[in-house]
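Here is the structure we will look at, set down as structure tokens.
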Amino acid sequence: MEYAIEMLNIRKEFPGIVANDNITIQLQKGEIHALLGENGAGKSTLMNVLFGLYQPEKGEIRVNGKEVHITNPNIANDLGIGMVHQHFMLVEPFTVTQNIVLGSEPTNKLGKIDLAKARNEIQALSDRYGLQVNPDAKISEISVGMQQRVEILKTLYRGAEVLIFDEPTAVLTPQEIKELIEIMRSLIKEGKSIILITHKLKEIMEVCDRCTVIRKGKGIGTVNVSETNTTDLASLMVGREVSFKTEKIVAQPTDTVLQIKDLYVRDARKVDLVKGLDLEVRAGEIVGIAGVDGNGQSELVEAITGLSKARAGSIKVNNKEISNLSPRKITESGVGHIPQDRHKYGLVLDYTIGENIVLQTYYQKPYSKAKVLSYKEIFDKANKIIEEYDVRTPSVYTKARALSGGNQQKAIIGREVDRSPNLLIATQPTRGLDVGAIEFIHQKLIEERDKGRAILLVSFELDEIINVSDRIAVMFDGKVVANVKPEETNEQELGLLMAGSQVNKAGETSQ
Amino acid sequence: MFEALQSIIPTVLFYSAPLILTALGGVFSERSGVVNIGLEGLMVMGAFVGIVFNLTFADLFGIWTPWISILVAMVIGSIFSIIHAVASVTFYANQVVSGVAINMLALGIGVYLTKVWYGKGQTDMVDRPFYTMDVPILADIPIIGPIFFEGIYITSYLALILAFVAWYVLYQTPFGLRLRAVGEHPMAADTNGIKVERMRYIAVLLSGAFGGLGGSVFALTIASNFSHATIVGQGFMALAAVIFGKWHPLGAMGAALFFGLAQSLSVVSSGIPLLADIPQVILLIAPYLLTILALAGFIGRADAPRANGVPYLKGGR
Amino acid sequence: MTSNSKHFGLLVPIISVIIGLIAGAIIMLLSGHNPIEGYAALWAGAFGDSYTIGETIRRSTPLILTGLAVAFAFKTGLFNIGAEGQVIVGWLAAVWIGLAIDAPMIIHLPVAILAGAIAGGLWGFLPGLLKAKLGVHEVIITIMMNYIALHVTNAIIRNVLTDQGTTTEPIAGTASLASEWLQSITFYSRIHYGILIALFAAFIMWFIIERTSYGYELKAVGFNRHASNYAGMNVSKNIILSMVIGGGFAGLAGAMEGLGTYGTISVMSGFTNLGFDGIAVALLGANNAFGVILAGLLFGVLKEGAGEMPTTAGVPTELVDIIIALIIFFVASSYIIRWALSRFKKEGK
Amino acid sequence: TETEEEGTDDNSGTETEGAEENTKEATEEEAASGDYKIAMVTDIGGVDDKSFNQSAWEGITAWGEENGLVEDEGYDYAQSNEKADYMPNITRFVRDEYNLVYGIGFELKEDIQTAADQYPDTNFAIVDDTVDASNAVSITFKEHQGSFLVGVAAALKTSTDKLGFVGGVDSPLIKKFESGFIAGAKSVNPDIEVDVQYAESFADAAKGKLIATNMYDSGIDVIYHASGATGNGVFNQAKDIKQNDPEREIWVIGVDRDQHEEGQINDHNVTLTSMVKRVDVAVQDVANRGMNGEFPGGELLEYGIEEDGITFATTNEEAMTEDIITTVEEWQEKLLNGEVEAPKTTEELEAYEDSL
């Protein structure tokens, strides 16, 4: 068998940790090869080594059978290796074209960038692989899905034969994921090879040919996808059995906690994105919001939590009007919020874990008396939460920045749940997390439900919505267009509703 | 009106030229993501070198002395700016702080060496400064000629032309695209194979060259000698022009011209009846006040290059 | 690791100072001076006798305060380059009160000191407001505010406090920080009680930042505005508060000059540089109250000692500016020192 | 420059004949015992400011050499880089047991006053301002007289009847220059207009140049500047005009010392004359008196034309023609014999103008 890429016995150390310990991965020509592992297992590191961003301490890399030394991304590019990073590497104020040509710009005789030529080449590429982009749009103005297509075009523009995708689907809507899978298939058809990192086992089953599993920096092995199933893959990765179906008893909803009537919310560009929305969440139930990104979910959550203003309408929590109150007032009236972007909103990364635990309550007793902080109380509390929520950190004095994404998320969830809010809003709570962590978080949400809290779950993962919710509200174009019961629906139907299709029996029956 | 313009515009031009030049340096540096509070120091260095070279080699180079002086000032300015580049690019120093140190260092070195070499705190006046001239042919154009092309320093035109060159380089060439990419999202640039550190070094060196040029042009058109009081705040005004001009070469040029106009008006005003009654202090603070008003009012949301001031650590997050 | 980084935190400034002094020695050698004589003169100029010690402390007093002014804002992620202007207006306000009011010392002196702090705070308020509400770059506004402070203060001295004069009358004795006792034990240096105020201010800063919920908010806003907003903090309020408190410290520095050192205010032909030096002090002191005290004292020593260098050793005083600039570079580039230290450690093992 | 050298050679005329003899006697005595030491503290300008600090230091050096003293021992100076340096510098000399300490420039007024009160055994002198202490002497100059004379010269030279005055910082001291200058000019021709501008800084060459450009453009052909380094910009602009149009008659009047050197451009010189303040003369005079045990403590010494403390430069022979010099000297005579009195404030100037 001929290999496009071979990484043999790679070792990569960071101060105090061996991120990759003797890992081997072999990519056959024309295959989609999955790389699977828990958060922090070392997947991104391994791929960054391949792409020339890191230098390995040990090991050998071969491209088409020849040993190479990839000391910087330029060499990787020259060897036909392209990478679509977990966090997009796009320059926001630049246009799509500028981003794609950056670093290998065509020029005319005056040394001026030949934009026309670039545009043509990009058009040709996007036609060939079905990657639709608007070459003149600014990155800040286009959707996440299109941004990802730009990333792919970047690699193709540089003549990549091997493409590395690092968690490409974590940020995509189901529709976009479908499109991406199509794109990957057409890439393979054109003779490219792909390494795909993802936490979604279903995706692996759907598109991948083989799968290499790593655990805690060590290579576990490579399996043929056709000869395995999701359960086996999960236990290979975690090293124990994992249950996928979240166990839960039937919900017992009681009083209405959140009541939203005829709500209108504008985004930063002063366009209404929530347009006359009605929604109710009762104590003891989990309401899942399903919808394609951009249909007003973020704006809805921001309006409830006070991060942006409601233009019109009413938001009541326990029969108290909270619309357009300050975030502090809203928090104090019993709203907890697990934010979508944990780095931007959820944590002060330069504060210790302990300090982050009291981010909303630092001014209250017992953490603060007469404006003077009691660090003992703060760290005591933090220790309790760390233990209870299994946050893996050296100590409460560790900076939040140093924790892995999953552990950061657990700390946030611990903090929000521990405040015993009447209403808990969880936005994409498991994004980018491995199955073990996902399982834990789902269980916590259900526990809270059973304690009588009202929970609003916003997620692009239909799996998650169907698994965890007691009721699903489908959002389309700023309104709730349907209320369905999870046990009475499936992904196909939800997908149709989310796309705004009007005719639906399920929606009516659930009323 | 015509006469007012004819007397104001040349003054605006000579006053603004050093600011424009220095601000262009600031634009390059900050566009690449390196904050440059050190423009003042770079100007000091330029003024010092320009004057010392001019004094020392006037006999050797004759009429070419001022030109060679500013060239040498550019070279020394960019060599001096390496300190800022090393600190802020290679050693991840806080760039504002490094810039403040550049300012102290330049003035310290300039005055120290002046004292050691000349035995006194200020140099003599140079014999070969720049002089104004009428631009051949263009000066004969009616109306425009006398306003724009009579009694002008060529260095003022140099400043204007370089502003357009800087715009072309930054916004039309691959080099410019890469430089701006490095200032917006260095990691993205890095993954595209652009050498972030090298781009930033080049940008800082350019700011040194432009700062040296600005300082030496100031010295050889306005001050004529060097002392601790030669450059007092011009570099900070240039920095204001960078930000006022939204980190754009032509914007910075416009801002610098605006400062020149405000200063010029504060002088001319005594002859204008309406303005003559305004207390002197109002006229003195007008340029600064106007800048604040402008920033607060019209261009409140000037977006700095996103990675400006952030050291780039490979593999960091 | 934590104990290690504590050590590094102390070692870096110390090593920086040592390298700075060595560099200074090399410069002296290169320019034909005797470094030993030079530093001996510097030492004598700062510690030679009780007089110079008194003057050194006096000179350090406002530097500590401007260092705090910069450091405090820094903690909230703001760069207060406007300490210079805040010093000037603080000086003006303190002297004004010192001249205008007739009251017993127990009222007069605190009011005058407070006036300085309030004036400086007001001068920090505007940049804070513009930053908080309109997102205008505070560096640029504070630079502009420095010039406005300078010119407006000069105009007020000339037209309001004097009749076209250049220096005000001396302030009333009831508003003076000067102490005959302190002066008499230091051969009539101008040392005054301001040093106690500076030390107290440093304590206040430490307490606010490290021990109160205000400090928690200020730092959180400095680190991450979005998360602070999410957590229910009033981001605008904190930005403004930080600039106002920082300005207040700088205003106090001005009050020290007005009520302690000079007892008057004069028309200024240029900046006092106390504010700009404050940036250096804050940096060397790692933006930490205790560090700022040490850094302020060090710079006071260097600057005071410099005065003796030309007379005794023929070295231009600017050498000290060069040394200070180099120290700042090394502290700012502490990465190199940390790297060298860790290398050193590894090899030692 | 020439005038200054003259000053050092020829130390006479400052005082009466008697004083001069005293000086000589004293020199012999004190040089032997060598225990009368003098020192000066500069203001921010520095000892080489080409202005009054430099002139004062030249006076002290000359005095020291004349008395056979050694620099750093018998006479010395201390450089001040900022306001905060004045007091330590003064005190350093007191502690080093200097007998007489000069503070050069009005900025040192408060510090000299304080020092004089604190150290009654030391003698002090302040130049350009007044202090009140029995062990301190105030040295001022009748700048208005000198300004009056250069005003006369300017009025005689102008062909447009428009003159300019550029002041550094608006203050009583600079008002003396302004008032005297205007009065002198109007004495010759009451119709002359004088445009007055203050740069509000002694170190802003750009502002000086802006003002000068504006003035010369508006038809002014002679500018008198009393603005320190701001004046560099004035010279700069005048020379630039001269460079482009050597035929154009354009002049600057220098201040404090003979600024002939600053005005040189090719074969021309734009410095018409300068209002020369002989700080050196005054400094030496006070030193001699002190050495003789006649220190004029508590007094205010005003050095004017009579005391040889104020003169005008005639270095530019081409510009300062015989006729002009003759007329200026006529006015000098009138000032000396009290026939006219040069105004030194705006009020006095107004009164003077009314009397014309």
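Letters are used for the chains, namely A, B, C and D, taken in the order the chains are written, and counting of residues starts over at 1 for each.
FYI, a contact is a pair of C-beta atoms (placed from the backbone, for glycine too) under 8 Å apart; a residue touches a chain by one contact, two chains touch by 3 or more.
Owing to the predicted nature of the structure, the values given are computational and were not obtained by experimental measurement.
By the document's definition of touch, common neighbours of chain A and chain C comprise B. Centres computed as Cα averages put chain A at a distance of 77 Å from chain D. Centre-to-centre separation between chain C and chain D, using Cα means, comes to 37 Å.
Computed from the mean C-alpha positions, the centre of chain A lies at a distance of 46 Å from the centre of chain B. Each of residues 79, 81, 170, 200, 203 in chain D touches at least two other chains. In chain B, the residues touching two or more other chains are 229, 232, 280, 284. Pairwise, the chains that touch each other are A-B, A-C, B-C, B-D, C-D.
Against chain B, in their complex, chain A makes its touches with residues 48, 51, 53-54, 72-74, 77, 83, 85, 88-94, 98-99, 101-105, 107, 111-113, 154, 401. Contact residues on chain B toward chain C in their complex (touch as defined above): 37, 83, 86-87, 91-94, 96-98, 100-105, 107-109, 111-113, 115-116, 229, 232-233, 236, 239-240, 243-244, 279-281, 284-285, 288-289, 291-292, 295-296, 300-302, 304. On the chain B side of its complex with chain A, the touching residues are 168, 172-174, 177-178, 180-181, 184-185, 187-195, 303, 306, 314-315, 317. Listing the residues of chain D that touch chain C in their complex gives 44, 72, 76, 78-79, 81-85, 87-89, 91-92, 95, 106-107, 109-110, 118-119, 169-173, 175, 200-203.
Of all residues in chain A, only 16, 305, 307, 326-332, 337, 339, 344-351, 355, 359-360, 362-363, 368, 371-373, 397 touch chain C in the complex they form.
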